[in-house]
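Below are two complexes that have chain A in common, paired first with chain B and then with chain C.
Coming up: the complex of A and B.
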């Protein structure tokens, strides 16, 4: 009903006279009507929270001690600069993001090159690779924490024992816990890089390779001089997308270690969450979230500059 | 000739290792879900055991059933998908096809909204929803899910709208059809494929979301990803039941993933080329 009413309001072609102008104006109005719902929703769910977040970060707002609340200006940011836990969580974020993204792209690219040459069995890869990608990071974290990494009967520990490494406290030791959460993220998202890079490889023009073969270029030369440069845009895009996700990873660390032991796997995102919703210090948590946003903007700025650069 | 064979064997071995590494944690969870607790805890791990449906019976029909949580997840995901698509389809069409001032800026705005870290959205949103009493409600969760589903859906759909030949639209205008009718009758049927891909992604992301859900859920609205925690505590882990719940939480997305495999890969690739996509 509503649709037909709207439609009838739109009927009729503009008459003679300023035909083009009327048409353009009508098009603008139509565009505004179509965009309005989505943009109002985006303003309400992203831009408004951003403004409110920055505002919150200038207040002392502790849900456990509301009598202390009030405007403090840049006090939260001043505290943040001398907060060791902030700097360590920032470092953990950078290590986590750097290693997981590098591993995903390296393994994903190597596998894509390998599978590209396969005459049979590509279908298996495409089928299996989709599985980790569609799973909830929370469920993935839970599975790894229990059935894969639990002492003794967890499969990874079982394999470690049989490889002569002995049973390890995978999530209780600070270094191993970090290795574990990096491995879990890499396990889940390497198929993403693999699938995107495989699709990009498949779309590369065949005749360049023919020409290279005629010129007797070695496999390594073909990879270095042809594949890599042609694949570069796709690789950079994968790096950008995966970096944004890794920086704000939450579920797969929250479910596996909760940021622990201590703060060994507490990335900045998790610290902001813990500060706000566990320690109920919302004003300071907001300042941490703003810091994370700034880090995200700086890193993506660098990556996009890299993308444009030759 | 032998070198070639050796190479093939090496490739096969590497492939097998990776396929197994990706599939195994999932297969192992499925196997564990059909075990008793003592079989789960057995050392060395048991590949052969007498399967039981006990864990499923308990988590579905026992006390503390997770059926309401599965329903919660379904309502949130379907609700988010419907609302997102109703808003994203018209917006994507306008961005792809219409001429208006500030179009570039509008597209850029959609892209930048994806840069906001979720934790930066949930902190202020928690305060707002608390004030208006929307914590632990479907409308609260679905509203905030739009923050990530809308930008993604709009970007994905724009690329599909851009692929339709212009001539069809022009022919419809010349016939005197209104813009809205043209959009509904001529254009939307052309992007059915793109809409299907987008629906799959929005549903998956909503089903899998965790941070917003863990902050906003309560006794009424608690999706299965959050309810999973009932089965692990400091004192004890209910192993077989946890496996059963994990499998139930995975089931819809795995089925969707296998069925819509081609579409998902296509969506990922478009996302990678266009720069959309968040999680």
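Coming up: the complex of A and C.
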């Protein structure tokens, strides 16, 4: 292709404009050729599985009962709408996402504000704070299950006993299990919010705070009226990124509670997994996954719209 | 005159580690005065302003405002308004919100804020920009917005930290004149930091000249210009600055480059001195000091000459008529009262 473009440029066109046009076309083709492998790889690894998922969700595909398999149209989705376990797992997903994101932003912002005023050791603090982020969520889950939350021997339980609260069944009690998985996710990902907000805070000019002091704003007013509005873009960005990740969280909960006790910590993602690979109902599992995809897209869309709003 | 805004600095010292930014500064500012802190960069004038504002604490010494010791009072509680060199506008607020901010912090009712914002904006002629954000304003407009925010609250002290330095030359001259009128009409005490001696000379009722963390002289611009009390000030004030040439004092005369000039100063003994001669004080006279014109800088309505007087370089200002040409030999002299004498070792005025 490139060769033919070159030939037409050399032979046919005397005008400089035509030559430039041919050159631009040649460049574009070359660029397309360079991009093609990556584009194909992306198609094969993301777009195709996604389409396959949607397609699967319109079939009854049960590995335990292969003789019942076949195209069912929207049957899986109709079942889903009346499936109480779907609604409860969706609710758990939303609670899990809402609380973990809110906690990450609140704690991350508080930490960033504290660290901003540190005269020394900021570098060390940042280095240590970032450690949880680099761990695999599955490893984090294992650490918390065995090292932190184990009855009597876990650090958290030990502290609870010493604080006079007594030994708690952190992963066995439905409410405590939910609190625990929220705490684990928050523990792992708050450093991310912290780092982003700290960088954003550090970029705010010093002199407007001095101006605000002379304008007689209290520390709280300076935070409310100046810091918060100026951090808003960073906060919104953190909320969007963390929401998308929290909605699709899996590994930490899977290793800590596996969705239990019962379905107390069964987020939508886990329910889809259990349906597909424990109960082997692949078609219905695919419908659940598509539902999760739609929820994620809708929530992200709303957040992006909010971001553009002001 | 409001009668507010009396400032007293007493022996203020500011250390940055081992480095003394201020080495014991004392001065007084009278209510309603336009007071300039003038000095080259790094001389401590901005540090002084920040200590007065309460943004930095002095290492030693006391600051009094209206008779009250405010040394340990926070900036919030000093009732001071300030225009920053960078303007320090709140970037996320409109011009109107910026100007309203200090009033909101003072918990004024909404209606009062609205009219006060309008009034302040009118005073600095930005009422048509109230809905814009600082990022949409030119440098001059931002500067006016910062001014409006400072005057809206009617604070007892009005501090300006090199407010004109980020404006282009033409705008700077216009704003300078307006600033003076504004301060007069408000009757507020203003403290103005600048490294530009022309700004200080034209704006200030009185000024303090800073050199290396100390105040070298306090006085009206005319006083400081007429009687600089050290070699450093003599070399700093005036454009072009004073010629400072080594000379020998003998019995009412000084010997400069082998030529005798009469001086009004009377010293007890014969001694070495530094003679200060303003470029504008030099005049052409047939019995004067022989000088060769090395260079002519024509400024239109006047010219500045570089003179070589037997190895001693001096600058001279002449009117636009009879400007000598480069290479000419002329004879220059000065009136006895225009010759300033300084001690070469202490650098003080004799």
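One rule holds in what follows: the second predicted complex is superposed on the first by the 292 of 310 C-alpha atoms of A that agree within 3 Å, B and C clash if a C-alpha of one lies under 4 Å from a C-alpha of the other, contacts with A are read in each partner's own complex, and residues count from 1 in each chain.
Rule of thumb we're sticking to: contacts are C-beta pairs under 8 Å (C-beta built on N, C-alpha and C of every residue); 3 or more make two chains touch, one makes a residue touch a chain.
Given the structure is predicted, the values throughout are model-derived calculations rather than measurements.
Peer 1: Based on the superposed arrangement around chain A, label chain B with chain C as either clash or fit.
Peer 2: fit
Peer 1: One more residue to check, A:229. First (chain B), second (chain C), both or neither?
Peer 2: Second partner only.
Peer 1: Thinking of the overlay built on chain A, is A:39 touched by chain B (first), by chain C (second), by both, or by neither?
Peer 2: Only chain B; A:39 stays clear of chain C.
Peer 1: Looking at the overlay, does A:245 come into contact with chain B only (first), chain C only (second), both, or neither?
Peer 2: Touch status of A:245: first partner only.
Peer 1: So, A:257: does it touch chain B (first), chain C (second), both, or neither?
Peer 2: neither
Peer 1: Consider the C-alpha centres of chain B and chain C from the C-alpha centre of chain A, and write down the angle between them to the nearest 10 degrees.
Peer 2: 90
Peer 1: Identify the partner contact of A:218: answer first if only chain B is touched, second if only chain C is, both if each is, neither if none is.
Peer 2: A:218: touches chain C, not chain B.
Peer 1: For A:281, using the defined touch cut-off, is the partner it touches chain B, chain C, both, or neither? Pick first, second, both or neither.
Peer 2: The answer is neither, since A:281 touches no partner chain.
Peer 1: Check the residue A:89 against both partner chains and state whether it touches chain B (first), chain C (second), both, or neither.
Peer 2: neither
Peer 1: Residues of chain A touched: more by chain B or chain C?
Peer 2: The larger set of chain A residues in touch belongs to B.
Peer 1: Going by the contact rule set out at the top, does A:208 touch chain B (first), chain C (second), both, or neither?
Peer 2: The answer is second: A:208 touches chain C but not chain B.
Peer 1: Looking at chain B versus chain C in the superposed three-chain picture, what is their shortest Cα distance in Å?
Peer 2: Superposition on chain A places chain B and chain C at a least C-alpha distance of 10 Å.
Peer 1: Using the superposition described at the top, list the residues of chain A that contact chain B and also contact chain C.
Peer 2: Common to the two interfaces on chain A: nothing.
Peer 1: Going by the contact rule at the top, pick out the chain A residues touching chain B in the complex.
Peer 2: Where chain A meets chain B, its residues are 3, 6-8, 10-11, 13, 24, 26-28, 30-35, 37-39, 41-42, 44-50, 52-53, 56, 111, 114-115, 117-118, 121, 124-140, 142-148, 152-153, 155, 158, 187, 191-192, 195-196, 199-200, 233-234, 237-238, 240-241, 244-245, 247-248, 250-251, 254-255, 269, 272-273, 276-277, 282, 285-286, 289-290, 292-293, 296-297, 300.
Peer 1: Would you pull the chain B residues touching chain A in the complex into a rising list?
Peer 2: My answer: residues 11-12, 14-15, 18-19, 21-26, 28-29, 32, 40-45, 86-88, 90-91, 93-95, 98-101, 103, 106, 109-110, 113-128, 143-144, 146-147, 150-151, 154, 176, 178-181, 184, 204, 207-211, 214-215, 225-226, 228-229, 232, 237, 239, 242-243, 246, 249-250, 253-254, 256-258, 261, 264-265, 268-269, 271-273, 275, 277-279.
Peer 1: Provide the residue numbers of chain C that touch chain A in the complex, in ascending order.
Peer 2: 53-55, 74-78, 80-82, 84, 86, 88-92, 101-102, 105-106, 149, 153
Peer 1: Can you list the residues on chain A that touch chain C in the complex?
Peer 2: Contact set of chain A toward chain C: 205, 207-208, 210-218, 221, 225-226, 229-230.
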